[in-house]
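Report on the structure given below.
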Amino acid sequence: MNAKQPVIKRIGLFAKVADPETGAVMARIVELLRAANCDILAAKNAASLLPGSTSRPAAEIAASVDLAIVVGGDGSLLAAARALKWAPVPLVGINRGRIGFLADVRSEALHEELEPILRGDYTLERRSMLRVQVGTDTTAQFALNDVVIKGSDGSRMIEIETRVDGARFSRTRGDGLIVSTPTGSTAYALSSGGPIIAPGLDAFAIVPVSPHSLGERPVVIPAGRVISLHPLIEDDARAEATLDGQISIELTPRDTVRVSRAEPELLLVHPPGYEYFATLREKLGWGGRAPEC
Amino acid sequence: MNAKQPVIKRIGLFAKVADPETGAVMARIVELLRAANCDILAAKNAASLLPGSTSRPAAEIAASVDLAIVVGGDGSLLAAARALKWAPVPLVGINRGRIGFLADVRSEALHEELEPILRGDYTLERRSMLRVQVGTDTTAQFALNDVVIKGSDGSRMIEIETRVDGARFSRTRGDGLIVSTPTGSTAYALSSGGPIIAPGLDAFAIVPVSPHSLGERPVVIPAGRVISLHPLIEDDARAEATLDGQISIELTPRDTVRVSRAEPELLLVHPPGYEYFATLREKLGWGGRAPEC
Amino acid sequence: MNAKQPVIKRIGLFAKVADPETGAVMARIVELLRAANCDILAAKNAASLLPGSTSRPAAEIAASVDLAIVVGGDGSLLAAARALKWAPVPLVGINRGRIGFLADVRSEALHEELEPILRGDYTLERRSMLRVQVGTDTTAQFALNDVVIKGSDGSRMIEIETRVDGARFSRTRGDGLIVSTPTGSTAYALSSGGPIIAPGLDAFAIVPVSPHSLGERPVVIPAGRVISLHPLIEDDARAEATLDGQISIELTPRDTVRVSRAEPELLLVHPPGYEYFATLREKLGWGGRAPEC
Amino acid sequence: MNAKQPVIKRIGLFAKVADPETGAVMARIVELLRAANCDILAAKNAASLLPGSTSRPAAEIAASVDLAIVVGGDGSLLAAARALKWAPVPLVGINRGRIGFLADVRSEALHEELEPILRGDYTLERRSMLRVQVGTDTTAQFALNDVVIKGSDGSRMIEIETRVDGARFSRTRGDGLIVSTPTGSTAYALSSGGPIIAPGLDAFAIVPVSPHSLGERPVVIPAGRVISLHPLIEDDARAEATLDGQISIELTPRDTVRVSRAEPELLLVHPPGYEYFATLREKLGWGGRAPEC
């Protein structure tokens, strides 16, 4: 996986927000890319930070680049992947301050961590995604982290009936229910008591949020299954399916949300020497509470 | 506490909903009350279940009865207390099926459990409540279980700054924050990982809901403190304070929610022989997962 | 999986304890087996409950039967599998009272649930097991549920260094560490906050027990990995590896415990109509805390 | 509480271990104490680090000093309090590296944090303790953090019957049971899922360790109650009561452990400006997982 990968020549650039510090990081990245003779296609936010550059549509970037570089954290990387319509473009995230679970090149270490990537010295990781289909809608949406079902009125308990491959699984009452990928297992699902799932495991977790029954617990199932979630709400009530915390879809009492493994996988680029568990240790403070002396 | 209490002559009657089974229970209760020479004042829902009876305003009931009987579960008892504007009227709940934490007279055992109460053979328990004041509003609201702060858009993380007696306590990011009484400790707070607090303890719990940081944990503090909760939201965003899951108050970024111990306490009537821990054992299935044989 | 399976003619019989009630169940089973023209080989405990029968060694039973019937709960089924030295003999458990996760034929329903099995109408399920090797010992032990590492002095915190395929995974301080199969995920690991893992998923969970650091969380990894557990204890201290709560192995500071997927899988026989999630719902009281009315 | 306290003239000195770094800290403390004209009585470990000094018995120190200074972490402070037989001597802990929950003067800040204390500028805090009595033994032991009941064979489940003021409370099966003070609520009880209890609250927590039943949850009760813990073990089995992780008492099946509030309280000295919640925030990494950018 860490063997030499194809050399990278054509780069898409994404940025989180137009604040001055992001601009400074962006300028250093552009300098480094030009020194490596890369072509640069800047998406809207990124272009606004690069004096004299022109913004390119995401569709054009998706169709033509070897790598998309995102300046920002995990949320920005997610947003860029969504803007690229989950096209099979390798993505790398440049993070200021602490590294993210996904965006793990440090802006202070561009020379050590980004340059090798351009020369083909990187780890390419495939992350499985969720395919989400609501009611009779035949178009599908995608999520890298999770799908969350909640009541539209956040302060009220909701009841959800869940089936796995058509067989009855559970009937949960509580704040809601999360279906999470391994990638999403360190995001919202973790806050709700779900386990961490190694990205190499082909599995999804079903995690209840503040369940009424103390016997309700997170369940990990093979990713090949179809999970159907049906909100049991009054005729005039509404529920919501939220994808990656970014897209919300309104649900009526007649809607069922079908979640399955997506065909495309997300292609994540990591700097050489990447280890998933090392990121876990750093992000979660494993060994955190210091030894009493 | 279980010594002979004053005999009860004047009764307020509350009911949950106008379904036929509640009507049947109600009829048996009325028969029993008449046999005991009690006067009956029926609130709206209850009157609708009693042919030929007239509905009385809650304020009149609050001012004149010795006891309010609620046919329904914990939620109905809460609603009746709210309708009575938390007047110091002793309340007893008659539950069909499983008993509740608050409503613990079984409709199948009226003779054994309700009759003694009318004769003054009962346990009177005082439950502390929360006084909730929002922003510059000088009127206060009350809650028996909990006050919950969440974002108005339930799918989004919210950040809340909490102070205790003016001193910085925490800054939580997650789904929200619960301030719970001992009574509320077996309700929503329990689903969110909070501890059970014995009703006799003069304490409140601050319980984060799906907190982003794994180090955030429920904290139990003396009830005499003033807890201030300030949602850190964008200028155009809104948050919500929800009381007992029944009343919602919209919060702007300038609003602070001040929570303290309420002056009045709720007066709960239990049948003779009441033990709080016995209810816990029954409701939570302590000793639940059966011994493997 | 639920299609017609080979007809069963030769039966091994195991029992938990020689109490009168088990004897009565045993007598009914024997009657039913004889009516079906089955040969019966009774292991020691079972023979002691069957007047006039002779006990057979477990090795002979392992080598010759089509099915082993265990009268008792999950623990008895585990003990029988261990006595059979994990030979590939299909096992079925007959439980008095509540069904177990593994032993799910009810002694009150032998006619409906055991008879069909003898005719070949059953579900055969393969459960993955752990292969456990300690220090330089070349012989391996097996576990169906879990391997638990703890200090020998149960009241003291222990520190354990864990590696996965040789790479550093974690350094945990606390009561101990569990490596659990999907089968074990509903046993001790569940009590320690681990997730439920569907038996069809080829994965193991690493679950810390009362970890000192709040950031330590259960992790689910692919079953194909080798997990090495090394207790970081003083020179004169001892730790313990416990398999399925039944076998304990003493560990010195120089010992490493290597855990991997076992070659043989356990063959479990379920009555027709078996559904894993239905067992979960019954055993864990999903939908447990009753709806408040 | 933070008002001027009596000036301190006579000091007891305790140390954790005789390592060179502790010696260096100790030398700086002694210099500072001499400059302040304090008399110094060094306990055994401390004397071994002070060339030319004589060791004094703990009993003599307990009877005569105004303040005991402990160089080490929370565990060392606990050990010193135990050596002093819980005499009402104010204690302060000097910690190298991260501060502890109890020992919160930093060795790098002796001038700012220890000197003011000697002048009477400090916060004196009273921490409630547990009185523990086993079986018919009339002598009592004390614990500042917790009493833990476990089976002597750490790998086996134990069943414990708990009563509160004589009334049945629970029957727990699992690894064991913790009774914790507010002080102990950030120690072992926290690792086992217990809540944090503010030190000002007169309450104890009963926290099950890896309970078999998912409905078993931590319970907080008023400190004035008597908690009786009875291990339900076989005639020839043994259990253990462990106090503060330091003292173990063997229990037979006939023994009951009675836990109540201790008469003496521990007197803790904190540097000026001490805030309990600030320590929590630092120790538990509140606000730990960094904001995603």
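Order as written gives the chain letters A, B, C and D; numbering starts at 1 within each chain.
Assume contacts are C-beta pairs under 8 Å (C-beta built on N, C-alpha and C of every residue); 3 or more make two chains touch, one makes a residue touch a chain.
A quick note: this is a predicted structure, and the numbers were derived from the prediction, not measured.
State which chains count as neighbours of subunit C and simultaneously of subunit D.
Under the touch definition, subunit C and subunit D have A, B as mutual neighbours.
Can you give me the shortest step count from subunit B to subunit C, moving only between touching chains?
Tracing touching chains, the least step count from subunit B to subunit C comes to 1.
So which chain is the furthest away from subunit C, centre to centre on CA atoms?
It is B.
Approximately how many whole Å separate the CA-defined centres of subunit A and subunit D?
44
For subunit A versus subunit B, what separation do you get between their C-alpha means, in angstrom?
40
Measuring from the mean C-alpha position of subunit B to the mean C-alpha position of subunit D, what distance in angstrom results?
37
Tell me, which residues of subunit D touch at least two other chains?
Within subunit D, residues 190, 193, 212, 214-215, 217, 284-285, 288-289 contact more than one other chain.
If you look only at subunit D, which of its residues touch subunit C in the complex?
148, 150-157, 174-175, 188, 190-193, 209-212, 214-215, 240, 242, 245, 248, 284-285, 288
In the complex of these two chains, what residues of subunit A are touching subunit C?
Going by the criterion above, the answer is residues 164, 167-173, 190, 193-198, 200-201, 203, 205, 212-222, 275, 277-278, 280-281, 284-289, 291.
For the complex, give me every residue of subunit A touching subunit D.
16, 72-76, 95-98, 100, 214-215, 217, 283-285, 288-290, 292-293
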